[in-house]
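Pasting the structures in now, so scroll down.
After this come two complexes, each holding chain A, first together with chain B and then together with chain C.
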Partner chain A sequence: MTSSVPPPGGPLLEIRNLTVRYGKATACDDVSFQVAPGSVYALLGRNGAGKSSLVRCALGEQKADSGSPQLFGEDVWKHRARLLSRVGVVPEEPDAPAAMTARHLEAFCRELYPRWDSVSFNQRLERFGVPQQTPFGRLSKGQKGQVLLALALAPSPDLLVLDDPTLGLDVVARRAFWEELMGELADRGTTVFLTTHDLAAIEGIATRVGILKEGRLVLDEEVETLKSRFRKIRYGNRITETRTEFGTELDAFESVRVKVRGWGIEAVVSNWDEGAFETFRRQDGVEGAESSAMSLEDIFFAVAGEPRGAEKNGGTATP
Partner chain B sequence: MRALHLDFSSATPIWSQIEEGMRRLVASSALEPGRPVPSVRDLAKDLRINPATVAKAYQRLADAGVFTVKRGDGTYVADAPPVLARAERTKSLRQAALGYAAFASSIGAGHAEAADELAAAWRSFAARKEKP
Partner chain C sequence: MKKLLAVARREVIEKKFVFAAALAVSAIVPLLPVLRGMTGAGARDLRGFLAVFASWSFVAAVAAALGASALAGEIARGHGGFYFSRPLSSVSIWGGKLASSLGIALAAGLIVAAPALLIDRRLDPLADLAGSTGRGLLVAAAAAVLLFLASHAIATMVRSRSMLALGDLLLAVAVGFLTWDALRRLYELWPDPARGLWRVGAAGAVVVAAVLVAGMHRGVSRGRTDPRAAHRGLSVTVWSGLLVAALVLTIYSRWVLAAPPSSLESFESASPLGSDGWVSLEGLARGTRAEFLYDTRTGRSRRIFGPPAVSADGSTAAWAERESGRSSPWVVRTMRLDRHDVSPTETRLSLRSPWRIFLSDDGSRIGSIEDGLLSISELPSGRSLASARLGQASTFAAGVFAAKDLVRVYTGTAVHPERVEIFELHIDSRDLARTGSAASPRAWFLGSPSHDRFVQAEKDPGRWTLRDGRTGEVIATLREGGPLFSAASARMSDGRWVLLLSDETESWLEVFSPSGERLSRLRIGQKGIVLPGGEVAQGKLALALAPGKTSPPGDPARKLYVADIERRTVERRADGLRPIWFLKAGGIRPGSEATKLFLDDSKTLVRFDTATGERRIVLGGS
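Moving on to the complex of A and B:
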C-alpha cells in the first residue's frame, strides 16, 4: 500500500536547518527538529514567529530557501503527492468548496487515499452533530473544523498535522475537538505535529514542544523535562554587612527573566534544582524565598513573551 | 471518576498524579476491589490528556499489583491489595515516608503535626470504607 517504509524508529517529520526568507525578512532561521513516531509535537510561537511558513514547507506547499523537510525519511518537496497520502492535515483556515456537503467531500476524498475508513468518518460527524447534507459554506466555523478533522483522520494517516485547529472556535467546539483527538490517539496512537495558541488545552496532550521566536527555534524539549527545570522563584533581597556580591545569587539556576518588584525579586529560572534552592534560600541577604511550578503557558510567556534581547538582564538585580 | 484531579501547573508529572490519585481512590474504596476502572481511552478523553500518559500510569499500577489487566477485556482493581515481600514493603513505605517528612519539614510542620495528619488521612480511608 505504501511505497516506502520509514526506517523503524526514525522521525516521521524531520526539519533540518530550514531557512525561509521573504525578501530581506527571515521567517524561519536555521530551524531543526524532529517529530518522533508516537509523539505529539506542539510548535508554539507568537503570531508572525514563522509557524505558518514552517508548516507550509513541512507539507511541501512551499519551497524552503534551504533545508528541505523530510517526511517519512524522504524529501517532501520532491515526492509531495506520494508522501502526503500518508498525512492528515487540518489547515489553519477551514477551507473547502462552499457548495459541497460533508457527504460530497467524503466521496471526493475517498478516491484519493488507499486506506479510507468511511465508518469512522460517519461516526465522527455523528458524534460532532454535523449535518451531512448542509453545504460546507453554510456550516459554522466549528463544524467546518470538525468536517476537516474527520476528513484528515479517515485515511488512517501515519502523521496528523494540525495548524492551529481550534483558532476561533468557542469553548464547546474546542473541547469536542481535543476529545476527538484523544480518542484517535488512544485508538491508533497517531503521531501528531501541531501548532496552537491554546496552550492550556495541549498541556496534557503534547509530549514535546518547540518554541519559535522571530524565526528561530529557541526551545525544543520533552514537556516533562521542560516542566521539571522551569520554576518561578520569589525572594526578598537585602544588603547585609557581610554580603559582597549582589545579583549573582541566581546564577546556579540560569534565570531567563528577572523582575525587580517592590517587595523583592521575581525570577523565572530554567535550571531548577531542589538542593541548590535549599542553599540559595539560606544565603546571606536572601529572605523568604519560595518557588512555584509553572504551567506551559507561564513557561511560554517567559521564553517567548518579549522581543529578542529584552528578555534577560543577566540575572542581575540592583538593590 | 470525579475524584481524580489533575494539576497541570504542578511539578509532579501527570502520569504520577494519575498513579497517586488512583492509589488514593483504591485506598478509600471509591474504586472497589474487582471492579473495572475506566478505560485508558475514556479517561484520556475525560481529562483531555494524552492516552499514553494514562497508559503509563495504568502500567505502573498493574506492575505494582494495584490493578489487574485482563487481556481483551479491560483493567480492574485487583481483588486484594498486592502482597509484597516484607522487605519490599518496608522499602516502599520508607521511601514514601521520606518524601512526606521532607515536605512537612519544608513547610515548617513539626513531627507531631505531621504524624497527626497522617493518622487523620488513615482514618478518612477507613471511614469511607465502612460506609454502606
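Moving on to the complex of A and C:
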C-alpha cells in the first residue's frame, strides 16, 4: 500500500465539475471547489441543496454522474479505502451498529487505521461523559455524535469531514461538539470540511465558505472577504423636486436582496465600499442611510434564502 | 484480509445471540425422546429426525434473515456509511459480512445438530437422503449458502425501491422459462433422470451461487452506499450471468436433441424396419437416450422420442412423442419409409403412453391399447374407426392386425397373471369377442406373418410350444426338457420354425414344419448364447454364437454362422459379428437389405454379405 501525498500546497480535497443526479432531479450541478490544507471549509445550503450527496461523493461512497472528487490529489472513487485512512468522518446520521458499545466501536476502528490514539479517544468520551459500555443504540443523540467525533479524531486524520454533525442536537450538546472541534483545531490544525445548518457556531471556526443553492455552488469565498463585502443598508426614501421615481439610488451597489419596509428600504449589498456608501447617502431623497456588518447567517439568508426563480438579473431580488 | 476479518469478527460479536438461541434449541433434541420415555432405535430415530429438522430449519431461518439484512438492510436504512466512510475496501466489507453471516448460520445449525451427532454418531435422515451423514451435511450447508445468497440478492433488489425490480421479475421469468424449456426434454432422455437432475441441480446451484457472489460484489463495489446503484450493479451481473447460463443450457439442449445417428456412443438395440434397409437404432447419444429411424442405404434419418411400430410391408413407421413437458400427452406421428421425404406427419391421435401401438400390414391403420381400451384409427387422418373395452386394465398387451378389418389382442391382467387372454375386434361391425387364452409366456412369442400361429417359450423351463394364434391352444410342443443355457426362436419365410438352443455342452438348432413337426437338428458348436439373424437367402439363416453370457460387444470369440436349412449345414462366416435384433420383426424378405445388417461391436453397424464376404461400415466405427 502506498501512502498518498498531496502536492505541496495543493488542496486536500478538490471537487471538480461534480454533477449528481437522481433520475430527473439534479442534486449537484457542475460544482467545483477546493479545500486547502489547514483550512476549515464550511459548505452551506438549505435542506435538499445537495450537500450530503456532495459529501458522499467526496468520500467515495457514491459515484458522481460526472466530475471527479480528488482526495489528497487522487481519485477517491478508485482509491477510497486507502485514502480514507487519513480521513475522519462524522456522518449526518449516527450510523454505527446499534448493538456495539463505544468500546467495541473503538476496538473495531482501531484495526482499520494506521494511526490510532486510544488515549485521546477515551479522554474525549470521559470529557463528554459518554458511558463506554452502553450500546450505541441506547445512547442519546448528543452522545452518539460525541462518540462518532471521538472515533473520527482518534486516527489523527489529515482531513476531518463533518456532514451536518450537530443536526438534531440540543444547545448543550451542540456547544460541546463545537468546543471539542475547536480544541482539535487549536491542537493539531486539522483541515476540516463540514456541512452544517448551525451557522452561528461555525462563524468563528470556518475560514472559507461555500453556499450551495439548488445544487449549484453560488458562492465560494474566504469568510473574512465575504463578510467585508456584504453589508446591510437601511434608508428612508422620499420624493423630492429633483427625484420623481425610486429604484436607481442603489445602482452603485450589487444588491443581493432589497426589501421595502414601512419605514423605508432595507438592502443587502455584496460589494460594500465606504466611498460608494458616502456618495449614496448624499443622494437626493435618501434619508438616514446607515450600514451594518452582517453575520454569516445573514449573508447565507440573503444569498440562499430565496428560491432561484425569484432572482433578478444581476442577482438582485425585487422588493 | 486483516480488515475483512475485523468486519467478520465484528459481525459475529454483534450476532452472538444466534448461538445462544441455537444452544437452547439443541437442548430440546436429546430431551424430547427422554421426556417421551423412548429408548433404543425409536429414540435414535426421533433424535435424528429432530436434529435434522430443527438444525436445517434453524440454518435456513438464520441464513435467510442474515442474507436479507446484511449490508442491504444497512444501506437501505442509510447506515452503510459506517463502513464505507472508513478505510475498508468493498471486498473487506462485503466479504467480511458474507463470511461471518454464513459462518454464523452454519455454526448455529451444527450446534443444534451436535447433541444427536455426539450421541448417535450419525444422522439417519440425512444419510438416507444423501447417502451419508457427511454428504448430507455438505448438501445442507450448500443449500444454506444458496439461500443466504438468494435472500441477500432479493433484499438488495426489493430494498432499493426501484422500478428495476420489475425488470428483475421479468428476467427471472425469462431465465426460468429458458431453463425449464431446456431441461424438460433432457430430463426424459437422461439414462438416469434422477441422477441427471441431481447433476444439473448441483451445477445450476454452483452457477447461481457464483453469479450471485459476483453480482453482490459488483453491487457493493459499484453501489456502495447508494441502494439503487447497488441494485443496478447486482442486477446487471446476476441477470447477464444467469441469462448466459440459461442460453448455454438451451444451446446444449438443442445440441443434444440435434444429435445425428453418427453420434450414438453405442447401439443398445438395432432392429430392422421392413426389408429395405430402414432400421431403428437406440442407444446413448451425447449423454442422452436416443432413438433414430435410419436408412442404411441413403443415410437419411429421423430422431424420434418414442418406440416405433412399423407396418409389415415396411412402408410406414409410427411412434408417439410428447409435445412439451412430462404432463403433456403423447402425440402419434407417422412417417413413410418408402418415400424420399423423411418429415413426419402428425396425427390427431394422442395417448397417455407411447408403448402399445401397432400398425396394419399396409400402414393405413393404427391400433392402440390404453387402460383396457382398444382403439383403431385411420392413418394419417387419425379418424377413429372402432374402439372397444377389453375389460380389466391390462398388465401387458400386444395387438396385431390379423386382417385389415380384424384386430387381435393378447393381454394379461393383474387378476390372472398366469394367463394371456386373446380377443378379436371386427372393425366394421365393432364386435369384440374373446377367442381364447394361453399360458403366459416366459419371455416372448413369435408370430407368423398371418398371425395364425405363434411360438412361445413357456414358463416351464426349456418348454417351447407352437400355439394357435386365435385360440391360444397348443398345436405342437416343439421342445420339452430341462433348463437351457440359451434359447431363441426364428421363423423362415416358408413358414418353418427354428429353435436356436444351447445347453451346458453344445449349441444347436432344431427345424420344425409350419405345423410343428420336427424336421432336423443341426449342431452349431460349443455352448453359448445363440442369437438369430435374418434369412440371408431362401432357407439360409444367419445366427451368432457368443461363448458366454458375459461376452463383451465386439468379442472376437463371437462367431457368425449361416445355417443352411435345406442342406443341413452350419458354416462359420465371420468373427465378432452379431445380427441386429430380428426377434420382433416379421415379414422380412430373404436376402433383403435388412438381413445383411450386423453389429461388429456395440458402436458399429456393418453391412455384411454372407455370400460374398463383402463388408462395409454403415454407421459408427472409424
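Everything below uses one rule, namely that the second predicted complex is superposed on the first by the 305 of 319 C-alpha atoms of A that agree within 3 Å, B and C clash if a C-alpha of one lies under 4 Å from a C-alpha of the other, contacts with A are read in each partner's own complex, and residues count from 1 in each chain.
To be clear about the criterion, a residue touches a chain if its C-beta (ideal position, glycine included) is under 8 Å from a C-beta of that chain, and two chains touch if they have at least 3 such contacts.
All values derive from a computational prediction rather than experimental measurement.
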| After the chain A overlay, clash or fit between chain B and chain C? | fit
| request: Return first, second, both or neither, reflecting whether A:227 touches chain B, chain C, both chains, or no partner chain. | output: first
| message | Between chain B and chain C, whom does A:84 touch in the aligned arrangement: first, second, both, or neither? | response | second
| task | Examine A:182 and indicate which partner it touches, taking first as chain B and second as chain C; both and neither are also allowed. | result | first
| For A:295, is the partner it touches chain B (first), chain C (second), both, or none of the two (neither)? | first
| said: Just to be sure I read the superposition right, which of the two partners does A:61 touch: chain B = first, chain C = second, or both, or neither? | reply: second
| Touching partner for A:201 - first (chain B), second (chain C), both, neither | first
| Just chain B (first), just chain C (second), both, or neither: which does A:276 touch? | neither
| A:97 contacts which: chain B (first), chain C (second), both, neither? | second
| query | Should A:113 be classified as contacting the first partner (chain B), the second (chain C), both, or neither? | reply | second
| In whole Å, how close do chain B and chain C get at the C-alpha level once superposed? | 26
| message | Give the list of chain A residues in touch with chain B in this complex. | response | 38, 40, 175, 178-179, 182-183, 185-187, 189, 200-201, 203-207, 224, 227-228, 231, 292-296, 298
| query | What residues on chain C touch chain A, complex-wise? | reply | 2-3, 6, 10, 13-14, 74, 78-82, 84-90, 92, 222, 224-226, 229
| query | Across the complex, what residues on chain B touch chain A? | reply | 6, 8-11, 13-14, 40-41, 44-45, 47-53
| field | Complex contact set, residues of chain A against chain C | value | 56, 59-63, 80-85, 87, 89, 91, 93, 95-97, 99-100, 104, 108-109, 111-113, 161
